[in-house]
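Some structures are shown below for you to check.
Heads up, the next two complexes both have subunit A, just with different partners, subunit B and then subunit C.
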Partner chain A sequence: MSVATALPGRLTFGPIRPRSRRRELGLLVLVAVALVVGSVSLGATRALAEGSASFAPWDPARLVVYLAALGMAHVAQVLAGRRTDQVLLPAVGLLGGLGLLLMERLPQDLAGSAFGDSLGLAGVQLVWLVIAITVIAVLSIVVRSDTWLRRYKYTWATAGIGLLLLTFVLGEEANGALLTIRLGPFSGQPTELLKVILVVFLAGYLSEFRPLLISESTRLGPLRLPPLPYLLPMIVMWALAFGIVVIQRDLGAALLFFAVFLALVYVATSRVSYVVIGLILLVLGGIAAYHLFDHVRVRVDIWLDPFADPSGDGYQVVQALIAFARGGLLGTGLGGGLPLVGGRLPIPAIHTDFPLAALGEELGLIGIMAILGVYLVIIERGLRIAAAAADDFRALLAAGLALVVGVQAFIIAAGNLKLIPLTGITLPFISYGGSSLLANAVVVGLLLALSDRGVEPPPPPSRSRGRFDRLLRRSTS
Partner chain B sequence: MSGGGRGGPPRATPIGQGIVRLGIVLLAAFGILAAGAGYWQVARSADLVGRPDDPLLIAAARDVVRGQIRDRDGHVLATSKKDANGEPYRVYPSKAVAPLIGYASRQFGTAGLERAYDAELSGIRGPDPVDELMAKFTTDRYRPQDLKLSLSLDLQKEAVRLLGSDRGSVVMLDPRSGEVLAMASTPTYDAGAIADPATAAAAFAATAADPAKPFLDRAVQGRYVPGSVFKIVTAIAGLGSGAIGTGTRFVRQPPAEKTGLLVSGFRIKDGHHDFTGARPLAFPEAVEVSCNIYFALTGLQTGGDALSSWAAKLGFGAPIPFDVPTATSQVTNGGGSFGGGFADDVELANASYGQGETLATPLQMALVAAAVADGGTLMKPHVVTQLSGRDGATNIAPETWRQVVSPEVAGQIRDAMVLAVEGDSGKLFTPGAAVPGVVTAGKSGTAQLDGSAKPHSWFIGFAPANDPQVAIAVLVESGGSGAAKASPIAGKLMADYLDSVAK
Partner chain C sequence: MDPTIATIWVVRVLFLALLYVFLFGVARVLLRDLRSAAREPVTALGRLRVVASEVDEPSSGTVFPLDAVATLGRDVNNTIVVDDPFASTEHAVLSFRGRAWYLEDLGSTNGTFLNGSPVDGLAAVAFGDELQVGRVRFRLERVGG
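== the complex of A and B ==
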């Protein structure tokens, strides 16, 4: 434990002095250029389709608003003078901008809500993007202490489970899954927020119990296990994921939660045995779910051979693969793909579940590589922040936050590409939807806050830690 | 991703290590994603684009004026008109080509060549990547191409006329190039009515409900008991493998004609030709008089393995590569333990003269005739000879598919087939098949069916025998003997074609 290396007592801050962020500014300018070029390309394609030649950006007003929001976030950070990461905001800005361009070229009536009818798909997405950028900026500037996250982990856990139960009870069905809670005109998908709460809880729990989880006391064949009571969270987590599959019918969230959990346990303990046990549980649960539940079986069967029923069950997956194929190496260009048949899109859930297929068609393999690369950059920044963190809690929190984004992007991208069964989760920062954008904004905002090495030092080892240290000493001696 | 961070305080805990490993795992996972994207977008791109359920094709059906389809003489077989809304629809001037050309309908999708060449006709697939790239900078996304066929509309119409009200098929091809000259299937249907939005629903429903199955392209999809025309396959196997020679005679043959040939307790009967008396026949005479017993014995002497493998060289046992999908012709159901997939020697003996479990498409039997005609070389059959569009034309050249037998063996079989058409006895089985003034080779068939159904009438052949320019297979469902229906149709069509070439 290296907590003592942090400087004690520096809890007060001097006057806030602006601090220039040249790297972030440079990257943001690049992002803006890329998005303007994309918008011009989209505009030209649209104009050509209508028989005229034009090199004006498609809907410049929205783009200007979006870029202005990014610029304001940058300026706010400069004024706040914190030494936070300078790559995350441009990376997220590029993905969000690509998502905005995608929403602009899709039929605007896809939005399908009270606000959507008046604002259109791109309008709604823009509102949420601006809110998300604001959340990122506010969190990265305001959060200077992690006590509120660290101290109340069981409160967070309770809130999370409450949120989950609320979804179980009040959830409305969307695409066969109970995902949405509706309050008046507002609706949201609590599982998006739940993933952040999960990471906060796990970081707290694992950093506290790390010594116990590392210590050996039970051997089961070749596997070295910790004291059996400490396996309980694993079982609880597994049951929770299984419950999400059964009650909520949300395979994606279950997979995401379980994968993030396993990865964090591994980071905290460096124990392969946990991962092995977890994977065995995952496989067993998967097999059981396949045999017990129709919705799981259908998903898996579609995955195994979507071409068996290309106009029925396999329709969306086959159409997504055809879209990827049409894109080829270079893509059809923004606005050049997604042929409408009778005014309808070939892939109905393109804006939520299949944005990668749309971008794969219009930007080609090169575009997909670039997008995957940007996700890797976000993951890399997150893990770097984790590695440089001052204590275990912050390291696990940062790693967990990076994981949430990375694993979620992987699960939906792999589902689009038929590498794993398709699950209905969003592609972070690109997919349409406020809950997803907000939750991911919280993730990035917290990562930025954690990246400031001038932040309040972590608290000294608490009394409770001492108690567990004694327990540890007793159990290992 | 270094475990220590940028100049942070050194940390002794293994968390840094775990983070690095986690980073490596995620990097690998995203590498797999990139590989997956490469697989679908590059490796499998050509397979998936242009699938019939590609929405680009479906959208193209509303927007694009498809390329035309023309015959060898430039006659239009398929073209487009625009309806009141300015949306194009397909027009088909002749019903005779309907089963082959198929249709392209907004409501009912595509069939036939219209389906097989959907991508090219609507112009969504460019011939090369550079063009594809350049196309991104042009206003129109479609570059439709025209198809030119080797088919002769005149010959096709005559074939349909000769088949008349019978269900049947004619396949004519040039044995030297594999180019299809006529490919008829009756009854035909009105593809134009299915393509016309105003009449589509009623026309499609009526055609689909017709018990005569006009949508079935009998030439490539109909599988029929071949009867005696299959003897040419047995001859190729027997002579090609050396199991028999042209002088081979079977002592058991004449007595077996009276009592039946006893094979494992099953009597194969043949009463065709008492007039050849008690003298055992040699190969050419056996072909001339179509002696079932001779070919049963030849098949038994050749063996099941050899018969199946020589038939496979001719195209049996797998779909024949062609411009439209083809059904698989078979010598046997397969799976038997006797050799070559036969159940026992009784099945082998029966298959050797085209009964048993043997089934063949008219295209397959035309290829058998073409292989003999072309000195044992089988050309790949094709009907589309040219794709042409704004960006120029691509010709589809003749391609050798397989060398089936040596020219010597092909010559021996050809001579026997000449006897079967021109010989004193042979004439009786093939009236009307001989092209006037030209030495003609052929073989008729009368395919016996289960129960009391009238047999299928078959003829395969080619002309001129010494310089074959046309090979033919004619099938008339339940048309009676080969002499009754198929032979005269074949003679007339080959004569018409040779006349048209001579002009």
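== the complex of A and C ==
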């Protein structure tokens, strides 16, 4: 008698059979061909700039390592035989590859850390990309149950707040924002991880209280509100975002967290009044922050008129706009943009905050549209996974994970294009940086795991909502 | 025109074209998924899956697609017949009102339970919640779109 049958109540899985993933393989082949051609384009342009004619790909070894990592992730998923999504990995693979090509052509001393000096910008990025792909593959294969996420939502929330406080206390200042925690030779940006924790907590919280948030009881003019106690999380969330702006001076993270929160509340309740209240709070908070804090006012003033101080505060934004303009429709070609101005880069934060400006210059409007299209594809897959989910928690979790990537890409892309004030967050999967790549890899890995339906039934809900139901009954009768 | 520069230009444009070839490939996969989803139109507002049952009707694993109102009980005129001596003839009603599901106990002898606690009057039900009528436990599930 086997162990599995001897233990009643223990979940048993059937034998693991490889399952072919033809669509994923096909799309990965397209990604590989595109990246090889991009590498050849980069190599030829750089060779021409040095006065020789050569069509050897630029730095083929790194590209081969990267493509091999993607291939291994594909093979691992085939062998695991789960029915997970087949579009997400190629989409992420293309974005990561574009980021790698970009890092290869930037000055390698931008990395600026102990490892960065020996490996160079592209070397460090390649290491993190391989780790990120490994994380995606492992999560998508190993995670068969979401119990560990849904049961411990308050533990996750506590961990998140702890991480935030740690950043407040130990954070180091970079570009006027407290973002980085340094531990020996390692440094990381906890806000990247925090966004994943936030989505897990919100999915757990909103799925538990969804029926109550939907029931209406308070009327305020034309707005129908839920029982007032349930507005509290919205206030807390708003205060949290405001606190990040004030203490951490990280406008991007605050905007991202609040936008994802509003989007998830809307997904959970399909009620516009919450979104209206949230937007009003956001505008009021924004106006207050503009008048109270210098770092906010500077950002907004730059956004309104970057040319007021083109060589000082407005320098990066002006240079980004010039880069987009230089790119035009088809771009200058990979490797063809960004001549050094007076021995330095025109945009100092090109590898973290402005990769879209660099890609806009080298690939043009056509290329930018394709990149934004890939982000749309990732959002679409996430929302499809959410729509197919069997219960509220999985639906909200999948929607939240997809939206956190989508909203982050929107905020930084719009900031680069001067559509909204610039806030320093990364462009998911393209920007340089381990924290960003890892956090987004966790997001995609979880989405892949969630896309496999019916592996393990969700656990029975443990808590009763008895006391809240009494409140609800009082309000409806 | 210098052939080298012309070739580089062709490679550049080819790279951009390949990005769109990839997007086209993705779009084909997405369209196929949407079509296969549209072939099974979603008419039910949710479904009730029997997660544990000590009787034959309904047996464990049965799935009931739900309309806006579903009654549960031992009587054969109920939407979902629970053929269990511990269930009342008209035991409980599950209804979709506006945006959410509600469970109401119809004065049953042994009570209706939501996530293990007795339902007293009207209770809001979330997808993923478990309800118990007699010795049969159900789980309310979303119907994927």
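We adopt the following convention: the second predicted complex is superposed on the first by the 449 of 477 C-alpha atoms of A that agree within 3 Å, B and C clash if a C-alpha of one lies under 4 Å from a C-alpha of the other, contacts with A are read in each partner's own complex, and residues count from 1 in each chain.
One rule holds in what follows: contacts are C-beta pairs under 8 Å (C-beta built on N, C-alpha and C of every residue); 3 or more make two chains touch, one makes a residue touch a chain.
All figures in this text were calculated on a predicted structure; none of them were measured in a lab.
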Counting only touches as set out at the top, which of subunit B and subunit C does A:Gly160 meet: first, second, both, neither? neither
Touch check for A:Ile322: first (subunit B), second (subunit C), both, or neither? first
Is A:Gly445 touching the first partner subunit B, the second partner subunit C, both, or neither of them? neither
Name the contact category of A:Gly286: first (subunit B only), second (subunit C only), both, or neither. neither
Go through the superposed model and pick first if A:Arg23 touches only subunit B, second if only subunit C, both, or neither. second
Which holds for A:Ser270: it touches subunit B only (first), subunit C only (second), both, or neither? both
If you stack the two complexes on chain A, which partner ends up touching A:Ala91: first (subunit B), second (subunit C), both, or neither? second
Looking at the overlay, does A:Leu334 come into contact with subunit B only (first), subunit C only (second), both, or neither? second
Between subunit B (first) and subunit C (second), which does A:Val33 come into contact with in this model arrangement: first, second, both, or neither? second
Using the superposition on A, tell me which residues of subunit A are in contact with subunit B and, in the other complex, with subunit C. 48, 269-270, 330, 333, 364, 380, 384, 387-390, 392, 395, 453
Across the complex, what residues on subunit C touch subunit A? 4-5, 7-9, 11-16, 18-23, 25-26, 29-30, 33, 51, 98-102, 114-117, 119-130, 139, 141-142, 144-145
Footprint of subunit A on subunit B - complex, ascending: 1-6, 8-23, 25-27, 29-30, 32-34, 36-42, 44-49, 51, 53-56, 58-60, 62, 132-133, 136, 139, 141
Subunit A residues touching subunit B - in the complex, by the definition given at the top: 1-2, 5-6, 48, 51, 263, 266-270, 310-311, 318-319, 321-322, 324-330, 332-333, 336, 339-342, 346, 360, 364-365, 368-369, 372, 375-376, 379-380, 383-384, 386-390, 392, 395-396, 399, 403, 406-407, 410, 413-414, 417-419, 453
Parts of subunit A lying in touch with subunit C, wherever the complex brings them together: 23, 26-27, 30-31, 33-34, 37-38, 40-41, 44-45, 48, 53, 55, 86-87, 90-91, 94, 207-208, 210-212, 214-215, 269-271, 330-331, 333-334, 363-364, 366-367, 370-371, 373-374, 377, 380, 384, 387-393, 395, 453, 457-458, 460-466, 469-470, 472-473, 476-477
